[in-house]
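The two complexes that follow have chain A in common; it is paired with chain B in the first and with chain C in the second.
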Partner chain A sequence: MTEAAEDATPAAAPSPDRQGRSGGRRRLGGLLALGWVGLLLLIAAAILVGPASSGSALAVANPDRSAADGVTATLGNLPQSSLVLVAMDADLGTYPEIRPATHAVMADLLSRGATLGFVSVSVEGRALAVAELDRLRSAGVSADRLLDLGFVSGAEAGMVRLVDAALRPGMSSPMAALIAQRGGGIGAFDCIVVVGGGDIGPRSWVEQVGTRLPAVPMVAIAPTFAQPELAPYLRSGQLSGLLATTRDDAAYVDRTRPAAPADRSPSALAMLAGMMIALLVLGRQLLAAVPRLASGAPAVAEPEE
Partner chain B sequence: MNGLIPEGMAGTIATWVAALVTIAVWAYLVGERRLFRLAQHLLAGLATGYLVLLAVREVLLPRLVDPILAGTSNVLLWAALLPVAAMIGAAWLPRRVAAIPIAVLVAATAAFALGGAVAGTLMPQLGAALVAPGQSPAALIGAATSALITILVLLAFLHGAPRTRLVAACAGVGRWLLIGGIGGWLGFLLVSRLGLLVDRVAFLLNGWLGLGR
Partner chain C sequence: MRRTLPTALVAVLGLVLLLDFVVINPTLATLSDVLLELVVLLAAAAAVAGGIALVVHHVAELAQRRTDPLGSLVLLAGFAVILVAGLYPGSAGTSDPVVRWLVAGILGPLVASLFAMLVVFLLRATGRGLQLRPRQAGLMVAAAFVVIVLLLPLGGQLGSWLASAAGFAMAVPIAGVFRGLLIGVAVVTAVQAARILVAVDGGDD
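The block that comes next holds the complex of A and B.
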């Protein structure tokens, strides 16, 4: 059969396969539109109903506060005037998600009389640690209750070195003297709060420091995407507390609000605009993917046996 | 809003710069790639500069240069000059000499990571997955389900080995479970990124334009 004949015959009546694909595409498009309408209604309802019922811009019921309970219990068991190490290894890009929870934990610790020492083994974490130290100092926290242990190079090897020697050469402050008196390493601290988000984070701290100092309780704060990776450490007891979802963060911030003035929540307008932008981008990507999905995903190549 | 931007003129400048760079990054969404690329280059340049500054100020000077200038008796510090020279691309250093400290560096990094993964993750997680006697029925069912899912997913990675029909079927189920797990993780990632987007929008509307305060 020539090319001209091939073109002429099937064009008149679409094949059943093509009809099926077209129908599938329509169904998928309909489902997508339905999903959009549902999401928009949900957002509108949350914004309209939220302020009246909860007093916040956008709020839904939080059925699970166990993560916040775990962190509160760990911090509540610390002795008076405890030494707490804040391992600031967050990522600059994802820190805004965990910033309110991090601020709430720091304020909670300070309200319990704790003294905070900051250390970082990641470059971005060091930048954030410097910013947080400046923020706390400008908020009126006494210099005696803050200690900058600086940046430690070597990633995992640096953490292992911290176990025995956390102080930098030439450090002199009441807190540094107390740490030196207790041995000079991380073992001098009563608790470790790991703020993660990058490659080096709570998992590395558990693996390198937790195995060497199992008696020191460790609390982790991490972005939501790290939750599946870190949850097993909480269940096995290697982490004493974990705040790793927006829900857990919100529950903890809500709990500490009277003692610790939290960051201002985003306004309803900002949340609505953010949701809309996200929906637009997602919708654009999904619409581009619909033809591919309707025509069938490429099969996974099986290796020859 | 976040307490990290100072008050006064410095804060105002920082807010404006942050707002303009945010808009430059978002310009990618409407197809304007030059501004986006400019923001990318700005980020890469600033990050590299900051990394160099940090390495020099907080590592090389206080931990290497100052002790050597002070006449330290630690021979290892003199040896540490070799990897530093190799890292900055000292052409005069013979390749065989430069290779030794680099090899030690890579081997030590791998050893710490591997040792930590075995002692801190593999063994404790295996221990936690074991079913202890006297557990509640729900815990037993949960542990058995976890073990079953683990086995099925591991079977999905059984490539190249001879497989019976039953093993192939189990591997197929394992592959779907794996896809489900990845899908769940992508869901977590999406929620995480949504929070970041809302934070940026809130910064532009509330922190920069002063709307909705």
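The block that comes next holds the complex of A and C.
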């Protein structure tokens, strides 16, 4: 039976109590409908009036630039020709969300003369690291400025091992020689950029590596769902910078202005359309559930466990 | 007695790694490095064993034509294609162009498509949740509704106001809940680890 059919099934003789509930339902439904109209009017007003005041009606980039500022400041404080470790442990499913910001950070680092070493402790991260290395080489980045440190198994145990031994046997590039000269571990790097999204991500890096090497600044790029989990590490100073929402990513991308079209932030209009559809569906579901909210009774029998 | 040896091993290894974390001692550091190397190797071996177990399971499924023979066939074929691409003579492993193409051209888009469908499944799940537990699900849906409104990509003064409100919501109530969760998980983990280290996890033997 559909929700509408369930809701429409009337009792044989409605009691006064039922009639009262029905009236309450209508009032709540009216309030929700009013809220909807108000929201639509607000958005319409922003689209129509916004350009006059700020120049753009829709904007993905967060007007609050503090997250982008934090990352820019950390990268700006790096020494000339710095060594930066890119810990690529992103997830194939959520990587499209953070790809523009990841590309922008890499481009920013390379423009500051940094050399990048890539390492992964997750399988999907390894696949993405290989793709990113290939992209950078194709874009003309000198082989001397890129180093593939490969995949390290053992998850957290692998990270701890990297603290003392990041180089694989037989590595002989100038960058590998410099890392070996500085001790051979992650401590040889001037900064760590953690690209997360899977089970192993910035939090694991902070816990396993950050506690052992507190002097090495760590910047994290993660999908939006990880933001509440990572924000405390930013406040405690264990993360020097964090890009973890689409709007913060867009603010950073806008600042660095990458040339490649694929690195552009998503369309604000497309985002708005998707969010409005989600709001419409959620609002409709809430409206349908209003009569049950007061009693808390389920509309269907709960499945037995 | 069955769990005495594993418990003792975990206790000893955990204490060595913990001591290495707080005490600077070359012998302890060497011992700790060896243990970590063993853990890394063990994890790699476990991954290989897991892969073999998966193949054996699906070959058996296929041979006996049980639950989902087509699914088993697709999984085994995918497994074989990736293995051949990464292990053929002269292959560059994960950096091989064929593996890169398989990941970028098939695996990546497939996983991204699944994630794109997540929003549809989530919206359907909220409807189901509202039917089963109206109050709890109603609260969750109302919160989601508010968060989506706060994150609307609007410009101008309204956009700035929404962004400020979203920043407050993320920095205060949401971060507070997450911080509480993280502290709770950390405390429980520390207590459980301490129980294992001092071997007081009763009822094992």
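To be clear about the criterion, the second predicted complex is superposed on the first by the 200 of 305 C-alpha atoms of A that agree within 3 Å, B and C clash if a C-alpha of one lies under 4 Å from a C-alpha of the other, contacts with A are read in each partner's own complex, and residues count from 1 in each chain.
We adopt the following convention: contacts are C-beta pairs under 8 Å (C-beta built on N, C-alpha and C of every residue); 3 or more make two chains touch, one makes a residue touch a chain.
Keep in mind it's a predicted model, so treat the numbers as computed, not measured.
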item	value
Chain A residues touched - chain C or chain B, whichever exceeds	C
Touching partner for A:Ala131 - first (chain B), second (chain C), both, neither	both
First (chain B), second (chain C), both or neither touched by A:Ala273	first
Touched partner set for A:Asp64, first chain B, second chain C, both or neither	second
Which of chain B and chain C A:Gly93 touches, first, second, both or neither	both
First (chain B), second (chain C), both or neither touched by A:Gly283	second
Chain B versus chain C as contact partner of A:His103, first or second or both or neither	first
On chain A, positions contacted by chain B and by chain C	93-94, 96, 126-127, 131, 134, 151, 153, 155, 157, 160, 227-228, 232, 245, 268, 271, 274-275, 278, 281, 300
Interface residues, chain A side, partner chain C - complex	3, 39, 42-43, 45-47, 49-51, 53-60, 62-64, 91-96, 126-127, 130-131, 133-134, 148, 151-155, 157-158, 160-161, 164, 212, 227-229, 231-232, 245, 247, 268, 271-272, 274-275, 278-279, 281-283, 285-286, 288-289, 292-293, 295-300, 302
Residue ranges of chain A in contact with chain B within the complex	93-94, 96-97, 99, 103, 123, 126-127, 131-132, 134-135, 138-139, 150-151, 153, 155-157, 160, 168-169, 203-204, 206-208, 210-211, 223-225, 227-228, 232, 235-238, 245-246, 263-264, 266-271, 273-275, 277-278, 281, 300, 303, 305
Contact footprint of chain A on chain B as seen in their complex	1-4, 6, 29, 47, 50-51, 54-55, 58-59, 62-63, 108-109, 112-113, 116-117, 119-121, 124-125, 127-128, 159-163, 175, 184-185, 188-189, 191-192, 194-202, 204-206, 211-213
Touching residues (chain side chain C, partner chain A) in the complex	21, 33, 36-37, 39-44, 47, 94-95, 99-100, 103-104, 107-108, 111-112, 114-115, 119, 123, 126-127, 130-135, 137-138, 141-142, 144-145, 148-149, 151-160, 163-164, 167, 170-171, 174-175, 177-179, 182
